[in-house]
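Following: one structure in structure tokens, then a few remarks.
Chain lettering (A, B, C and D) follows the sequence in which the chains are written, and residue indices restart at 1 in each chain.
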Amino acid sequence: MYTLSVSSPPRVLVAPYPQRRQLVFPDDVWAELTSEFDVLEVDGADPRFDELLPGAFAIVGQPDLPAARVGAARELRAICNVEGNFLPNVDYAACFGRGVHVLGCGPAYAQPVAEYALGLALDLARGISAGDRAFRAGAERYAEAGNVGATLLQRADVGLLGLGNVGRALLPLLRPFGVRVRGYDPWLPPRALAALDVEPTGLDELLSASTFVFVLATATTENAHLLDADKLALLPDRARLVLAGRAAVVDFAALYEQVAAGRLRAAVDVWPTEPVPPDDVARTLDGLVLSAHRAGALDTAFRAIGEMVLDDLRQIAAGLPPARMQQATRELAPRYRNKPVIR
Amino acid sequence: MYTLSVSSPPRVLVAPYPQRRQLVFPDDVWAELTSEFDVLEVDGADPRFDELLPGAFAIVGQPDLPAARVGAARELRAICNVEGNFLPNVDYAACFGRGVHVLGCGPAYAQPVAEYALGLALDLARGISAGDRAFRAGAERYAEAGNVGATLLQRADVGLLGLGNVGRALLPLLRPFGVRVRGYDPWLPPRALAALDVEPTGLDELLSASTFVFVLATATTENAHLLDADKLALLPDRARLVLAGRAAVVDFAALYEQVAAGRLRAAVDVWPTEPVPPDDVARTLDGLVLSAHRAGALDTAFRAIGEMVLDDLRQIAAGLPPARMQQATRELAPRYRNKPVIR
Amino acid sequence: MYTLSVSSPPRVLVAPYPQRRQLVFPDDVWAELTSEFDVLEVDGADPRFDELLPGAFAIVGQPDLPAARVGAARELRAICNVEGNFLPNVDYAACFGRGVHVLGCGPAYAQPVAEYALGLALDLARGISAGDRAFRAGAERYAEAGNVGATLLQRADVGLLGLGNVGRALLPLLRPFGVRVRGYDPWLPPRALAALDVEPTGLDELLSASTFVFVLATATTENAHLLDADKLALLPDRARLVLAGRAAVVDFAALYEQVAAGRLRAAVDVWPTEPVPPDDVARTLDGLVLSAHRAGALDTAFRAIGEMVLDDLRQIAAGLPPARMQQATRELAPRYRNKPVIR
Amino acid sequence: MYTLSVSSPPRVLVAPYPQRRQLVFPDDVWAELTSEFDVLEVDGADPRFDELLPGAFAIVGQPDLPAARVGAARELRAICNVEGNFLPNVDYAACFGRGVHVLGCGPAYAQPVAEYALGLALDLARGISAGDRAFRAGAERYAEAGNVGATLLQRADVGLLGLGNVGRALLPLLRPFGVRVRGYDPWLPPRALAALDVEPTGLDELLSASTFVFVLATATTENAHLLDADKLALLPDRARLVLAGRAAVVDFAALYEQVAAGRLRAAVDVWPTEPVPPDDVARTLDGLVLSAHRAGALDTAFRAIGEMVLDDLRQIAAGLPPARMQQATRELAPRYRNKPVIR
């Protein structure tokens, strides 16, 4: 399939914290990795890390990598983040200047999050979890009496905030519903959205026009509380909001207020503080579907991360570009403001 | 658009019970219907019904229509059921012998039920309502800790029991998940399933192979408790069952037992007795998603029924065949055993 | 799979003329048919036909069946046309009054014709056969010089005249091109088109708006020369016309004139007279793609016909409705004016 | 929409040769470009080019850019190839070391080539251009007599050689045919193909199994005559080959031989020498569809190139990564061996 470009197996330092190594590399994937590469598990805080760094072909994980370490890693070709977020603990400019691939595992989460987001939207459309709750309380209402306010997704006006990996994985799941899809993504030119058959739309117009809104944006240096009280007020009455990107994008106090007032319904998978405080009002709001940061964290996603890493290390060792992980860009890598998921 | 085949507006008797007339015919649809036809609202039990019958072009609703009434209805061209089930209170043979179209509104429910069924499947796949319940109880678990047993729908083995209106509406919603779809429908030849890109499969094999099973079958003279304890035992451990057809098809005691044992999870929208008794064990089973016969009963579905009736009455009055409602067949009309939804 | 409703094998009279029996029933299909039914090959003109008729369960083919013959066929349950057109040589009213299924094999041609129609449209869009012709004449032009007037199908305005079997098979092939689809079908209510995600459009508006028009209509008592000079003049300059329904729908003289003038391009598979006269001007028009009634007549289509017949005879013998062939309707059966393809 | 990161308009040198500037930048696109950037049209051979280079923000076109020029271009952020091929006249390593984006316009050709490739495949499947040719010669055969050897694309075994831009644009067009898609691309790991729902397959196995093969590979340092006589011999009898990548990949003498023998049919859009010599045997082979490098060179594609350039220059000027053009990679840029299309 490929030939290694160096005579001995390339050295790979594995430092996946806070991800558990066994989660990302199930036994069979690990066996392949260790048979093809000289794999060493060593935490970034371990003194041996700096000893091993000069001969390292790749780093799996995202330990602190300031300029000095990047400079010392003379053979380094790739850094493979296996947690999901590009963190500010790496000197990206130094990496790019050296031609080191900085790779993220975001694509592995796209399908799980997209399926979950669709499930949440259908729950909000039809009141699935609310109906289950009523039923368990002996208060269910049958047929049309139980469907007051319920709506179809078919031919709905859908807005996507963010058209990265998740948005792109969600699009094909939405298409058979015949929805009209508007999109907003300040990091993409309008024609990039049009090429995805998404109508590029200004934020205000998107919010005003959409009865289902999927908030899939990552947290950046620019978008804290992008959805504040005023923006949320633009949404049509009884709009449904699926929050599956990052909590920082939304003003939660404003969201709770509008949900409590019955104006909006929302499914929330990401929270300003996790774990959510025991007395958080969200736990009592009927108009919410509550989810504990579970959209992406599936066995299959973790395994996919390990496979991606293996695939792309093979590519690079064979003199080919990485083909499965997401490449960090010089322009954006410093602008993410996500935090690792607590575990 | 069309020309009436009779000189005066054709007479239409509207007897929609147990459906409410206003639900099926919102004002605008009703205005169209009454402007184009000589519409009379008259219950089948009203003595005027038999007076009006001889001049009736169509009956909307499904009042008792024994042979004598069918014989008396000398101008009758169509009977439009607006409730959803072909009931045994009509002499179908007499209708077919006379060339009367017997039409059902099943297609109006297909999209709502299909969307709901997909929502239930995604809930079962990921534990959406169970997660919401835990969260409200302060017992949520985050990220992978909350996802034990969760699974993707992507590339899953899906089995469809019944490939009528709902199954066909569900197929396009399932396709982007890349699932393998097996189907079982004893009223269809295998190649009819293959033409839908569904693998025709024997019941036992389908159950053994499918991790998601959608039970979409109507109740018939032949399929009571088709899914009994033995059949349910064929399902793989942790299979997900969406019950959105008719309750009579399933042995509920057996289902509860296997759900209680943690072997299966199920979403149930139809029940042997409705309303479900207050002390029914289902209300306490963690592995169930409980739903009160809400899959089809949406405003939009009711409106669609009225529109279908209007469209097909126009077709028939114009000398064209009905094009939107489902035609009852000589062979199957007597074999349905569904009951109207309680309201 | 099913149980026969009669004690001895039901008798099937096979009179497929002008279709050849071996074409429709390849050996393996024939073996199944003859093992399950009491099959007799007998032409409608053969005196034995009338002898055998009273005991016949089904007739395969469409021999003359006036009222007297239908009356004599006391056990008749189905007539299976295997050629493709409902001809006026059957007393349809007598059949329907008796509850005899009159079935057509149109669906077997839908996929071949739809694929061919798309191929013709792409040829017209890009000048594939014209380019091949120029190349063989040593007059090819390369790259953009050869693409003057060429256009994409992507996002084009597409009009479908006729939304029967072929139109419905063509729709999924067109969808990934992101086209806007308008449709016109006087036998269907507008909402039936909308349910197919086709915009119901008046004929004039459709012609004015569409750069690709697929003429898929069958010939009826009402649509001779529906596309006359005036209608063709509504098409935008350089519109592409795919004629894959019936020739009678189009005024060919008018079509030739506008093609010769360079205003339209057309792909023609059906002709007013077949074979086309040797000196027909069509043979010299650069703007035409010429095809000899080849859209449907594929081995696989013929085989599919035999399979459909077998499937539906099994259905009916088992007390089930036919599920694969097209049911003739009381209203439309007398209104078709198609002629068999010459062979 | 964005803010320029520099105070004065960034300087853009436009040197599109051999592409014509007006083709790539229609008036409206050019007006936008020149209003937002300090645009100078200057050929790479023009002495002013080197004078202007030090202040250039971007170069549109691919003039010779050896290390000295790259070094002199101190403000350079992007090189936008508008012809379609990464040529060896650029010191890619120097560019990457400097963080200069090297961008290609390949994606603009993907849809035109994919539509054309499908059109060619349908032509080969059904003999559209051959049928037109016979018709013009008065030798057409009707219905099944004209369809000997014709086949459906539906459910066919399709092989894709190369899964770059074109292959990915072709996949959605193929899906509604229900084909089985095998793929071979030595620059991608098998799971990258699987993620596209393509079965990764070795070259020999792919050739042996596929009745339709699309050769979409670019020319590289490794794949000259990849499809030689032996490989072509692996194809099933009567396989159809669409050659829409680069001619260098195929041994044309071997291809002609197998086409002449009636074993294969092929549609050829790219040729070892262009223009093709007047006496090339290809011009006489019945089993070929001949096309003069016309798959991509559409007005709409050229316009799309200009739009991509504009979009990505805006992105980069706004401190964002390019989002529409294809990024050259350090690994592959030196390995392409394509030549510009003659014009």
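FYI, a residue touches a chain if its C-beta (ideal position, glycine included) is under 8 Å from a C-beta of that chain, and two chains touch if they have at least 3 such contacts.
Bear in mind the structure is a predicted one, so any value in this text is a computation, not a measurement.
Looking at subunit A and subunit D, no chain is in contact with each of them. The most distant chain from subunit C is A, comparing centres defined as mean Cα coordinates. Of the two chain pairs examined here, B-C and A-B, it is A-B that is joined by more C-beta pairs in contact.
Annotation: 50 Å between the Cα-based centres of subunit A and subunit C. Averaged C-alpha coordinates put the centre of subunit A at 38 Å from the centre of subunit B. Centroid to centroid, with C-alpha atoms defining each point, subunit B and subunit C lie 33 Å apart. Counting partners per residue, subunit C has no residue that reaches two or more other chains.
Interfaces, counted as pairs of touching chains, are A-B, A-D, B-C, C-D. Within the complex formed with subunit C, the residues of subunit B that make contact are 96-97, 99, 187-189, 191-192, 195, 307-308, 311-312, 314-316, 319-321, 323-324, 329-332.
Against subunit C, in their complex, subunit D makes its touches with residues 23, 111-112, 115-116, 118-120, 122-123, 125-129, 131-136, 138, 140-147, 150-154, 172-173, 175-177, 274-276, 278, 283-284, 289-294, 297-300, 302, 341-343.
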